[in-house]
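Each of the next two complexes has subunit A plus one other chain: subunit B in the first, subunit C in the second.
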Partner chain A sequence: MEKYWIVFKKSLKSELAYRSAALWGMLSAALGFLVQVFLWRALLGTGVRSDTSFPDMLLYLLINSFMLELTRANVAGMIETAMVDGTISMELLRPISYKGYMLSQTLGKNIYGALTATAPVLVLSLFFMPGAVLPDAVHILLFFPSALLGIALMFEVTYLAGLLAFWLQRCWFIRFYLYGFQSIFGGTMVPIWFYPEFLKAASYWLPFRYMTFEPINIFLMKTPVEQAWVPILAAFLWLVGLSMADKLVWRAATKRLTVNGG
Partner chain B sequence: MKDFWKLFSSFFRVALRREMAYRGTFLAGIIGQWIGYGGTFLGIYIMVSSFRVLGGWNGMEVLALYGISLMSYAIGASFFFNFSHGLAGRIRSGEFDASLTKPIHPFLHEVFSAGYNVGYISHFTVSLVILVIALSHTSYTPTIWSVLFLLSAVLGASLIQAATLIASSTMSFFSVGSNPIADFLAYDIKEFTNYPITVFPKGIQFVLTFLLPFAFMNFYPAAALLGKAIPEGYPAVLPYLSPLVGALVFALSILLWNWGLKHYKSTGS
Partner chain C sequence: MSFIEVTNLCKDYRIAKQEKGITGAVKSLFHREYTVKEAVKDVSFSLEKGEVVGYIGPNGAGKSTTIKMLSGVLLPTSGMAKVGDIIPYENRKENAKRIGVVFGQRSQLYWDLPISDTFDLYESLYSVPKERFRRNCDFFTELLDMKDFLHQPVRQLSLGQKMKANIAIALLHDPEVLYLDEPTIGLDVTSKKVLRDALKSINAQRKTTIILTTHDMDDIEAVCQRLIMIDQGQKLFDGTLEDFRLTYNDGFTVKLEFETTLPTWQEFENYRLLEQAEHHWVVKVTGGISSKDAMIELIRKYDPINLYVQEERIEDIVRRAYG
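Entry: the complex of A and B
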């Protein structure tokens, strides 16, 4: 465990070097959130839908962007670079699982950005949501495992897709697929409760809705306590299934890999 | 002028060959961007249509708004993205200095040698399809004049997009590190233009019209095409000024770039 902690700290430290980037990240997040605030104020102001309150929507957007920021990873890009410059042979020699290494590196890199970009947005949002209803203790207790599973699942899918880098010459486009599937089937852009029926039905067959949508639904108390086990179990099963898949893919990938020279 | 085209086409062929070297990757990238941007279009449509209307625009109308913006980005960026995002790297490595010794203006040489970015064909195709679908579901009726107006608006918008990329690359003459201010201006501010600017407060409408004229990229021309209201008290001629504004900011961005070039000191490597 300690070795993963070291990777995490190293990765966090290298982010701390760019102070001014944090400032602009903060401004960019605040501005992006401001766009959403005005947008949803105009939409909810039409009074067409009464199932969503303005503070609920803002909480949805905030938690969603925090979780996305935390798991934003370019595993394919990291593997691609490591293969091109040969550092992959060093990385594979380390007495550490490659997946664990990628995970600690990603979290270390992202946690700083998530805190610096989302913290000011939280402050900003306090001005806009005096009427926010915070969840009761049971829902908060259920939210944490659900959110952790969601984050793990997001990383798992990114990692699994990233392993494709071993077969492709270039893989800058993998993130477009992930982004597209997440916004179409995962509710990262518009909450799934606004979806048309067929898309809502389709989203149950894929892992994406369990990443941010279901945890937030629990936080907003839209999922009753007695039904909360369903999305939590589904997320868990997806995680187990995909972890098994990534082991198979990993075995095939390392068998295939040839590192030339050094 | 004849030399200009000869130069452009030979640089263009090189860029095309470079992209096509990995045909499978190229195709997978295009499909990926269709899915990515398709998701954004779908999201906007679901969002607006479940509330029926956003600031006076319905779902299809907002799609047309975003379609024009993405199409103009595809056109502007296919010529200037590589140039704009590669400049800092070329200055750092010293390659840029070679452009100063060529018998054409360094700006032209940089744009040509950075290469046309063929990948934006994906943005272009997805925005074209969405724009056609969206417009056919609105009050828009294609006549010779309205089509010409739309084409000139897209041209003006592409010039604004290009100007943004050129202006943001100017920063590289002063600092070759990452360029967050330019990214902020070029990408974050532009996010406002995905939606009708009438949903934003007056101050933001003013900035997007008179200071950073991104509203001329899609909002004003689309408002004219679809018969939508513009912010209260603004001159009624604004919706027709996109090509003019485009040409103006494009010229300004090149002046800015040349001003930056004058202050450039080689890294000496």
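Entry: the complex of A and C
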């Protein structure tokens, strides 16, 4: 375990090397957030939907952007770079599981991003927040395992997709596909509450809604306590299933591996 | 059974053919032809624990590919490699614990952090007692003269400085086997010497098995007892440095110096004039003639005032062996 902790710490430290990047990242996150806030204010202001309050929406945006930030540095992109320039051979020389290494590495990068990008958003949102109902203790307690599973699931899916780089070499487009699936079936752009029935139904068949949407639902107390086990269990099962799948894919991938450049 | 066993090892790569120009590139989007390149072809050898072997061959001979299979990164197409009871590519992590690797043209260092941070990482990666690890850190920092740049971000270091750090990293956990793939690229003369001496003493003290790939034959002459030469994926030679000389050596050269004008050179069998200057000749002697006989013969014929016998350097022999 210690080795993964060190990989995480060093990755975080590497991010700290560039200060101005943090500053600009902060600014762009704040602007992006503001755009969404005003957009939703205007949309909800039309009064078509009365079951979603503006403060709820705000919390939704906040938690959503924080969780997405945690998987922003995308494993697929990192595997691709390592494949293209051949550094993958150096990574495989270390006595550490490749998946664990990748997980710690991305988490280090992303925690930094999440802290620098979302911190200002948090402060900003305080100005829009009055009237928000914070969840009770039980919902908060349920939120954490659900959010952790969501993050793990996001990582798992990008990792699995990233392994495609072993076959494709170039796979930058995978990120866009994942982003698309996540937006549509995971409700990261528009909450699934607003979806038409057939899309809502479809989202249950895919892992994406358990990434951020279900944890946020728990946080907003839209999921009753006695039903909370359903999304948590579903996320867990997806995670187990995909982890087993990635082992098979990894085995096939190492067979395919060619190392570029000497 | 030997410590490292390589049996009929093969590795094929599939290479997409690329035609010239933009039209060629566009065409290859729709239809692509592949050729199979046999990077390593039926290579076998075995190494005892503590052996130091020079693994040489011209560019693209398959040296690095062999090393990548031995270190568990690449899977062979066929054949087998075994390093101390472990099949590296089937048990990558176990194998990784006991090997140290330097790929000369790659770095294992964190680009944005100082070397000391990479040291921390490696300390936790290997289950070497902390004290022992620290002692190695100090030892190699001192030996490779790295103290001055230990705390500078790696991106600001020179090629040679990075190389030193990569070498140190490969040695910190007391590996049983060292794979060094061109470890002297970018090193200055002093550092090269230090590295060679270090390798010799590590080998002597810890019985570390070393496979050294290099284009610098001085490295080989300084550290290796044995030489394996491959070309186009196939093994051409495997034996001691002495045997290598005997097999490929093509005589020696004699330099003759004259006080005044040069006598007239007469071509005769096994003696060939390589170089002619105002006051000297360089003569190549082949055909298994002993240097004593050659000297007597040359003195009798031309009466020089000075005469030097030079044995051919490994580098020259290798150049000829590569053809």
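The working rule: the second predicted complex is superposed on the first by the 256 of 262 C-alpha atoms of A that agree within 3 Å, B and C clash if a C-alpha of one lies under 4 Å from a C-alpha of the other, contacts with A are read in each partner's own complex, and residues count from 1 in each chain.
By our rule, a contact is a pair of C-beta atoms (placed from the backbone, for glycine too) under 8 Å apart; a residue touches a chain by one contact, two chains touch by 3 or more.
Everything numeric in this text was worked out from a predicted model, so none of it was measured.
K.L.:
In the three-chain superposition, say which chain, subunit B or subunit C, touches more residues of subunit A.
P.N.:
Between subunit B and subunit C, B touches the greater number of residues in subunit A.
K.L.:
In the overlaid three-chain picture, which partner chain does A:Trp24 touch, first (subunit B) or second (subunit C), both, or neither?
P.N.:
In the superposed model, A:Trp24 contacts subunit B only, not subunit C.
K.L.:
In the overlaid three-chain picture, which partner chain does A:Thr81 touch, first (subunit B) or second (subunit C), both, or neither?
P.N.:
neither
K.L.:
Of the partners subunit B and subunit C, which touch A:Leu43 in the superposed model: first, second, both, neither?
P.N.:
It touches subunit B, and subunit C stays clear.
K.L.:
Could you say whether A:Pro196 touches subunit B, subunit C, both of them, or neither, answering first, second, both or neither?
P.N.:
A:Pro196 contacts subunit B only, not subunit C.
K.L.:
Using the superposition on chain A described above, determine whether A:Ser14 touches subunit B (first), subunit C (second), both, or neither.
P.N.:
second
K.L.:
After lining up the shared chain so the two structures overlap, which partner does A:Ile184 touch, if you call subunit B first and subunit C second: first, second, both or neither?
P.N.:
The answer is first: A:Ile184 touches subunit B but not subunit C.
K.L.:
Check the residue A:Ile6 against both partner chains and state whether it touches subunit B (first), subunit C (second), both, or neither.
P.N.:
second
K.L.:
Taking the superposition as given, does A:Arg94 touch the first partner, subunit B, the second, subunit C, both, or neither?
P.N.:
A:Arg94 sits against subunit C, while subunit B stays out of touch.
K.L.:
Let me check the overlay on chain A: which residues of subunit A are in contact with subunit B and also with subunit C?
P.N.:
18
K.L.:
Inside the complex, what are the residues of subunit B that reach subunit A?
P.N.:
Touch residues, subunit B against subunit A: 22, 24-25, 28-29, 32-33, 35-40, 42-43, 46-48, 50-55, 178, 180-181, 183-184, 188-189, 191-192, 194-195, 199-201, 204.
K.L.:
So in the complex, the part of subunit C that touches subunit A is made up of which residues?
P.N.:
13-14, 64, 68, 71-75, 89, 92-94, 96-97, 99, 101, 103, 105-108, 110-113, 117-118, 120-121, 124-126, 153
K.L.:
In the complex of these two chains, what residues of subunit A are touching subunit B?
P.N.:
Of all residues in subunit A, those touching subunit B are 18, 20-21, 23-25, 27-28, 31-32, 35, 38-39, 41-44, 46, 48-49, 168-174, 176-177, 179-184, 189-190, 194-196, 199.
K.L.:
Taking the complex as given, what residues does subunit A use to touch subunit C?
P.N.:
2-3, 5-7, 10, 13-14, 17-18, 86-90, 92-97, 254-255, 257-259, 261-262
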